[in-house]
Amino acid sequence: MNETLNDLTQPFRIASEPWYRPVADEIALFEAAHAARMPVMLKGPTGCGKTRFVEHMAWRLGKPLVTVACNEDMTASDLVGRFLLDAAGTRWQDGPLTFAARHGAICYLDEVVEARQDTTIAIHPLTDNRRILPLEKKGELLRAHPDFQLVISYNPGYQALMKDLKQSTKQRFGALDFTWPDHGVEVEIVAHETGIDPALAEKLVAIAERARNLKGHGLDEGISTRMLVHAGGLIAQGVAPLAACRMALVRPITDDPDMRDALDAAVTTYF
Amino acid sequence: MNETLNDLTQPFRIASEPWYRPVADEIALFEAAHAARMPVMLKGPTGCGKTRFVEHMAWRLGKPLVTVACNEDMTASDLVGRFLLDAAGTRWQDGPLTFAARHGAICYLDEVVEARQDTTIAIHPLTDNRRILPLEKKGELLRAHPDFQLVISYNPGYQALMKDLKQSTKQRFGALDFTWPDHGVEVEIVAHETGIDPALAEKLVAIAERARNLKGHGLDEGISTRMLVHAGGLIAQGVAPLAACRMALVRPITDDPDMRDALDAAVTTYF
Amino acid sequence: MNETLNDLTQPFRIASEPWYRPVADEIALFEAAHAARMPVMLKGPTGCGKTRFVEHMAWRLGKPLVTVACNEDMTASDLVGRFLLDAAGTRWQDGPLTFAARHGAICYLDEVVEARQDTTIAIHPLTDNRRILPLEKKGELLRAHPDFQLVISYNPGYQALMKDLKQSTKQRFGALDFTWPDHGVEVEIVAHETGIDPALAEKLVAIAERARNLKGHGLDEGISTRMLVHAGGLIAQGVAPLAACRMALVRPITDDPDMRDALDAAVTTYF
Amino acid sequence: MNETLNDLTQPFRIASEPWYRPVADEIALFEAAHAARMPVMLKGPTGCGKTRFVEHMAWRLGKPLVTVACNEDMTASDLVGRFLLDAAGTRWQDGPLTFAARHGAICYLDEVVEARQDTTIAIHPLTDNRRILPLEKKGELLRAHPDFQLVISYNPGYQALMKDLKQSTKQRFGALDFTWPDHGVEVEIVAHETGIDPALAEKLVAIAERARNLKGHGLDEGISTRMLVHAGGLIAQGVAPLAACRMALVRPITDDPDMRDALDAAVTTYF
Amino acid sequence: MNETLNDLTQPFRIASEPWYRPVADEIALFEAAHAARMPVMLKGPTGCGKTRFVEHMAWRLGKPLVTVACNEDMTASDLVGRFLLDAAGTRWQDGPLTFAARHGAICYLDEVVEARQDTTIAIHPLTDNRRILPLEKKGELLRAHPDFQLVISYNPGYQALMKDLKQSTKQRFGALDFTWPDHGVEVEIVAHETGIDPALAEKLVAIAERARNLKGHGLDEGISTRMLVHAGGLIAQGVAPLAACRMALVRPITDDPDMRDALDAAVTTYF
Amino acid sequence: MNETLNDLTQPFRIASEPWYRPVADEIALFEAAHAARMPVMLKGPTGCGKTRFVEHMAWRLGKPLVTVACNEDMTASDLVGRFLLDAAGTRWQDGPLTFAARHGAICYLDEVVEARQDTTIAIHPLTDNRRILPLEKKGELLRAHPDFQLVISYNPGYQALMKDLKQSTKQRFGALDFTWPDHGVEVEIVAHETGIDPALAEKLVAIAERARNLKGHGLDEGISTRMLVHAGGLIAQGVAPLAACRMALVRPITDDPDMRDALDAAVTTYF
């Protein structure tokens, strides 16, 4: 914490505390893992607060945070770096993983299971006791900064599909489970994020809880906390609750007429 | 609205009001979403007016509009930007998404479901409360201009096929449904766009309504408002209505002899 | 027609009238579509005269014609343009579609269904009332020249296979059907193109008509007008009609012994 | 023939007469097709003399010959040309098809069915009456030299497999069938090419004729004339006929023990 | 050992002895293989100590160690080298395999079965008595340094899947089997690596042994020694053993509720 | 043999005689084929001595030898050559095939069936009487040096799988079969290569002969001569024969417990 600030990492530092409402002992466990520089995997559905948690922890630990939204077309070079052509020839540019490893940031690979296997293999030497990153194209063997830590997120809901992390990758991480917050906590979050009345927020949470019971019964995923914040935000802009719920909670997640009717009915129960 | 005009966005500003005939409360809902900077998804069949609506809203809100026709070969770099080789070495060129985020435009990704997943993942950090766009290749962490808003279009008719947006993408958007306008509204649109007589326009609309009932019964999609405007345009050029309808309404959408006969019969009922 | 000639389009202007024998009202319909700047789709089997028709119309309308033979490896960049590396750095080169849109040519995409989807999506903004072409890589929003018109060809015979145009593409075009000319017209065409005696040409047409009845009964496509012109050309070079028909009409389209016998028998009926 | 020689085509001219033994009227038919500048397709199994025939005709007609061995990884650019980076920037290099079209050579695409579809589509504008080649990347519309002619070869034996030429390609060519020469002609060829005694050559031909009867009964293709020339060549080097036939006729075409025994037995019948 | 140190290999030398607990005669066998410069294949599950063993042997033999984490997108060029563009033109950069072969390092290809086949074929000429590496792109025929040795790792657990090494690759290697250490040895390792009490370490090992029995019965792989070290490390940071085991042993390897319950129960038996 | 030595081929000349033990008349047949410049295909399982034979013949004939280990990612450009970017622009670099054809070397394409089809098609013009190599990208028509000869190797064991050479490729080669040497010859080879006692070598050969009988009964390939040399080499380093056989003969080729027991039992019969 009393480390000399590195200018390059400045844009990646979190200026003010990201509001985060803990649900269990996840902050203490992450701190212990960080102290041990153990790589951490955050598991849970989309929109439940994993990204916010990492931002909060980076702020709490006073470390810069480098976030990468993974996708199936991302190559190892996108993570590690590449040569760019310059007026004076080629110039090496660190990728986000290399940047983080070199400067002691927390590197957060969001939805890592989307990435191609070469990107997940590329993190292996950084995630065992060697803590190195061979930059083969550059001929450099980078030893990670002592503060560097790797964090990945993972949505087990996709696990049933073809994509999954390899066991040899999974075993390199400690894992923290995330799920929807408890009723009271979620009301608190929605009210805090949108400024709407807690009573109104409670209605939105109640609608979400009904929808989450439909997951696997015609709905791929439930209504997330993020979507509740969207609905609350529209209401705060003066939109009628019914129209706000339709636009922010129902229309985005299903086009099935029966499912829409069921969700619209759930909404009209409350508004 | 009283913002300082940025020269670079000038070509993307809509000079005169695009004529748009509202069908419900879509203008008010979009304005609220824009005020909340909530990403918006427009759902509906091809040719029903989604693109026109976005143009109208960009004009109404006084914002520049950057439109991208998505396709399955578009890469994240096409959206975000890339280095170009210049006399003095490499030079970064913002892609349309980056341009819009940097200069506060509305960015409209048309038929986003056609795009490869990496392009849809690339918009994630711009569509949650972070509103950032990591330009990993450039090493820049772009924070979106306060006026930036993302709009995408989506044709649920394709949803039955293999392509669909991921839940973690869908949940980041509020959604507005679009469909064919009501009878009177569509007559008004066709007459306005082509200059033909409303009585004639009404006949064209009636033909379209018959064809739309055949959707799913041998016809992939019905006859769209755009096609009616085509037929009206030919008639305005002096083509006989029967020939105009064949060329603009029937021949483009089916090669099946029985379906052609059915549609031709529908046409001859009116002309 | 009285427009100032643009030097760049000179190589794309048709110097002398391409001989074309109309079969119905296709010339008038195309002229109306051109006046309305409506995109046109020409449907019909290979070798029936679609390309010749477009050349004739370009000559008749006094517009330059840019033709692109589409294929499954053609990218959007091949149509739209790309940066080339030059002594002074990169230099933008318009692709044929951009060239045509910029200079007011008719752009003819031959066998467009062969192209990859990204190329067909690239034409969307040019084929609705916006008439724009976003050159994303160049950062230019090209507004089409008032004279620009897009024409595509399409062989419905392939439609049964996996490739088809998307509905959202088809609906942007008016469509004209082409098929084999009537008996007398086809005789006239073959005689005109090869210089052989009309009586001889009539025999060739008769053979073709027999073969066309075999389409779908062991023959993928019938004998086209183009092939008759080939046979007539060989005869005009002094080749015996029997040998000319074998080389130009039978051998190219089938290796099946029974089908060859059937076609050879049809030939010997006449020669 | 009395044309001014173009230095660039010099390496592609055939200096001395390639020995060719005609089997039917193929020379006269090719000459007529050349006079009409009709594209020609040579059909027949591998090793029966198609390439030799084209070389002979190029020599006989006094035209340069540009041969391209097609393969499934060949792109249209490999045929048409591309920009190369030079000290002074990019420089266009004609591909073999463009070279032939520009300088009036016969362009021979060997085993064209192996090529990707984009290469076969690229030849379309050169094979109808337009005789043009749009060099889209260069922005040039090349009109073919009056002497240019396109010749392709095609092995119908592969036709049963997935690869086939499109009808719209086939119909652009006149076709000549090739097959194994008659007994006496083949003896003459083998003796001429290897210098062995005609009696010995006759034995080799007899072995080949037996093997050709096994085609489709465990043997994909029969023993070609080329293989007989190989065997004769080994014998001319002093190898015993039995060993020469095993090495040149049997071992190359099958690893199946029973088929090897059958072929070896056929060989021992004669030697 | 008394060789002159090559500066370039300095970063690849192991400075201090990596702690390694032998389980059988693997050290002697590796030493003999190294003396014979025989390529060695290490077989065994992930996390059982193969990488540590190679590091130990490189230290023991006084040789530099070049490690490459293989992946399915790695090309032969990534291993062998490529030309980079420099101010003065192109410059060759040795890949890790070439570097090791040139300077006499041990080259360790981790999880080689993940690599594309071209990378495994590229090692063939280095793994027979020729000990050469043709750098075809550079036009150099590199003869390996006398000290060069190739080591690969291989997880037979994946063998059942589609990926496997070719027989012609396998036969070029001597093979050493690795598996989980015996009970006492593993306790020793966990205690040594984490500093926790051997009694505590024994509990962790006991939990792992239970889990390993579930392999193939709902668990893809057992709990590895590496994971035990993770759990011990969290405990050493003050995390309660139960929470540490959940985070480091259970959550990372399964999301199946029943399997989680079974593993959690195994954990609570001990803590 | 009395040719002027070309410096460029020096690194590709075999300095001292590679020891080769002939098994039949393969040396005489290869010499005749070389005299006739007939392309040769060596067929046989991995590790039976094909590569050594080619090296021996290159030494015996006094020709340079250019060896290429083929793989499925090798392109025709890797064989033929490409342009490299240099300080003065692009510079052509001959690939190994072009180098060999230009300078009169024997070019040996090892495991050619692994290569993509475009590489095998690229050799066609070099393997018929034309003996040319069109360097299309360079615009050069290379005529092969009179001493050039092409040799390929081919493992029929893979033939049952999807990969096979095309008939039009196979027919261009004479073929020589290779298999495991006779008992006495193989003992001689193992003793010569490792320096171990012939009695000991005979035991190793006996083990291999037993294993070869298991081919197709749970073992993909038998134990090769190369593997026996590995085992002998370990024994010569002082490793106990039992351990040497396990490491060099059994562990590399199977992970199946039953097969391992069977092979281990075969080993213990002798040691």
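Order as written gives the chain letters A, B, C, D, E and F; numbering starts at 1 within each chain.
Here is the rule we go by: contacts are C-beta pairs under 8 Å (C-beta built on N, C-alpha and C of every residue); 3 or more make two chains touch, one makes a residue touch a chain.
Predicted, not measured: the structure shown is a model, and the values here were computed from it.
Colleague: Just grab the chain with the largest centre-to-centre distance to chain E, centres being mean Cα coordinates.
Modeller: C
Colleague: Using the average of all C-alpha atoms in each chain as its centre, how far is it in Å between chain C and chain E?
Modeller: 60
Colleague: State, to the nearest whole Å, the distance from the C-alpha centre of chain E to the C-alpha centre of chain F.
Modeller: Between these chains, centre-to-centre, one finds 30 Å.
Colleague: Could you say which residues in chain E touch two or more other chains, in rising order?
Modeller: Residues 85, 88.
Colleague: Enumerate the ring members one after another: first chain A, then chain E, then the rest in ring order.
Modeller: A, E, F, D, C, B
Colleague: Quick check: in the complex, which residue numbers of chain D touch chain C?
Modeller: 25, 28-29, 32-33, 35-36, 38, 41, 43, 75-76, 83, 85, 88-90, 116-118, 121-122, 124-125, 128-130, 134, 136-137, 139, 141, 156, 159, 167-168, 170-177
Colleague: In the complex formed with chain D, which residues of chain C make contact?
Modeller: 11-12, 46-47, 51, 55, 67-74, 78, 84-88, 93-96, 99, 110-111, 114, 155, 157, 193, 220-221, 224, 226-227, 230, 233-234, 236-239, 243, 247-248, 251-253, 255
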